[in-house]
Amino acid sequence: MEEKKLILNGKRLDGRNPDELRNIEMKVDVVSRADGSAEVRFGNTIAIASVYGPRSLFPKHLQEPEIGIIRCRYNMAPFSVKGERKSPGPDRRSIEISKVTRNALEPAIFLEDFPRAVIDIFIEIIQADGSTRVTGINAASLALAAAGVPMRDLVAACSVGKIDDTLVVDLTGEEDNYSKADIAFAMLPSKNEVTLLQMDGILTKDELFQLFDLAKKSCQKIYEIQKKVLREKYKVSE
Amino acid sequence: MKEYALELIEKGKRIDGRAFDQFRKIEIVRNAIKSADGSARVKFGETEVIAGVKIGIGTPFPDTPDQGILIVNSEFSPIASPEFEAGPPGEDAIELARVVDRGIRESKAIELEKLCITPGEKVLSVFIDIHIINHHGNLLDAAALASIIALLNTKMPKVEGDKINREEYVGNLPIAHLPINISVGKVGNFLIIDPTFEEEKILESKLCIAVREDDKICALQKQGSRQIKFDELEKMIDLAIEKSKELRRLCQQEH
Amino acid sequence: MREREIILPGEIIDERKGRKIGSNVYLEGNNVYSKVLGIPKISENEISVIPLAGVYIPRVGDRIIGTIIEVEVSGWLVDINSPYFAFLPLAEGVEEFVDLERVDLSRFYDIGDLIYCRIFKVPKSKIVQVTMKDYLARKLYGGVIIKITPSKIPRVIGKDGSMINLIKNKTKCEILTGQNGVIWIKGEKKDRAIEAILTIERESHFLGLTEKIERMLS
């Protein structure tokens, strides 16, 4: 792959500083039929999440006697990617992302409050420009809260990585392609617990931990936006 | 069984008497599968996996016209566990294959530039297929070790035009780095290495780390539905870096 | 913390200070946190949160409106607007002696029938049980049912029934509220009653709601 310069004069191709998030928009209750839903945008990446449940789970053998279960499906719409159309349906990448997304949300939910039942979480990426899975997780977290699902905390997520020799947050699609390393990170901000951690690339241990700190700070910013959006939706009128 | 495992761990012991940072008995058979171009059969205690490598001819990706292709697949065969069902790979098999792939790919273990036949048209494909034979915990580390050892003993068949000639071998697959996967689990106040099947059920969290021989990290995957305390990440990663050296020594024997 | 301020999952409500841990909250260390998006309810004795959304999870003693969905061998299966179905055993549904060989149980409750009943058993891994042996329990004839967020039923009822009585008086409808979020309405002006109820559901956490409803129904 040819070398492409992603950082010029300390700024990224879209003009951002290395530790700057893209423009973020979040909306709750966008799907009226769902029990809870949200749309989240990070720059040009758009994810919509719907939550259904807790609801009855059949066939019975899928039920857990003491706790509820979560099912999660991450999907990219065929028109969401740049370039060639993405063939519809789950591919291996989407299946893995569905799994780690579920694993990222489970620690936040009080599964024991709805034994034998299920919560279904669906995430659709309708426009993809990098960091899609973390955008999906941010949306799913809002949707769960809007649905009244009992949770220990909201889940906030972001991507961090190394492009050229600089450590950055919230990678675009292009930055991800040319990155030396990228990390998908999600946490329960007020519990200081990590629920999603995936990395690929090459990093020294020092670089890794600098990126963890950057991810944690950025998740805190995202968390504040999530909370603001939920409050505003239900603002008390005087 | 898992309540018992938990009880023991709280007392500082494991069911099989191992130390918390000790691997089970590891057995390696190189070139176990004669029909493969490279292979390894690896056991971590009762867990058993086979990695088989097949070389083929393929078309390069447009953005890397002069590089060979790596494809990693894994099958959780129903022979290995009462929980595995026949059929296409499920999410666990897919996750395992993709994590093993990342460790190998990101570490640049295989010198893919040396697998080019005609730039932009024809390159060699390296297929690694991981077959689980017995699931007794820690499939990921065993699968990754089997894969890298299989790669180390892979012989390159001769390429004649559009065909592969396995009657003649022209040297070994060029391997430049040795990534090793170590999964670290947390129970109570303890970090444990190489969890058995029962131990995996009681882990509070599990992080898989792929480490290269220069101690650089090339892949991370938090596994399972629990959380990891942010402040524990460092200890887990340090332990993985330390333990990776032990497994790497096993790779390098007989080489 | 003022009444009517929204709290989010994971936010601290207060220190425990010896109070009872009520519904939709959890204790970590000495602090009581909210589990849900809702309105905190703090008293001298108890801390809880009224959720602004969420499904009905059955509790013993709740009076609910259910729909018969199956006639079984020794009772009836009931949809109680919850991820959990309920069972009305024969002995809890019928006073008289029933000869099962001769009598078809649908004679008493048939598929589609609406009942106002009480939850009397919520066993851990088994099916919830309801009973009609309650002085308020009865079959509901005619009318329609609507479903709202269960946690908003108290708001529909109002303090000492003030809100529900307001609606009943102004619309001259019969209205029954189930703690499972199901409301039964019967009467000519039921559409106005329904409109008022749905407004309460939407604006349940707003101040000045009672006056608004009064204006709507005049």
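Annotations
For reference, chains read A, B and C in written order, and residue numbers begin at 1 within each chain.
Here is the rule we go by: a residue touches a chain if its C-beta (ideal position, glycine included) is under 8 Å from a C-beta of that chain, and two chains touch if they have at least 3 such contacts.
What you see is a predicted model; the values in this text were computed from it and never measured.
Touching chain A and chain C at once is no chain at all. Closest to the middle of the protein, by Cα centroid, lies chain A.
Chain geometry summary: the mean Cα position of chain A and that of chain C are 35 Å apart. Rounded to whole angstrom, the centroid-to-centroid distance between chain B and chain C, based on C-alpha atoms, equals 53 Å. Separation between the centroids of chain A and chain B, computed from CA atoms only, is 27 Å.
Listed for chain A are residues 188, 191, each touching two or more other chains.
Of all residues in chain B, those touching chain A in their complex are 63-64, 89, 91-92, 94-95, 97-98, 102, 105-108, 207, 212, 215-231, 233-234, 237-238, 241. Residue ranges of chain A in contact with chain B, taken from their complex: 1, 92-93, 95-96, 98-100, 102-103, 106-107, 181, 183, 187-188, 191-205, 208-209, 212, 216.
Against chain C, the residues of chain A that register as touching in their complex are 35-36, 53-57, 65-66, 108, 110, 113-118, 145-154, 188-191, 227, 230-231, 234-238.
Within the complex formed with chain A, the residues of chain C that make contact are 4-6, 8-11, 24, 26, 33, 35-38, 51-55, 57, 83-85, 124-125, 149, 151, 203, 205-208.
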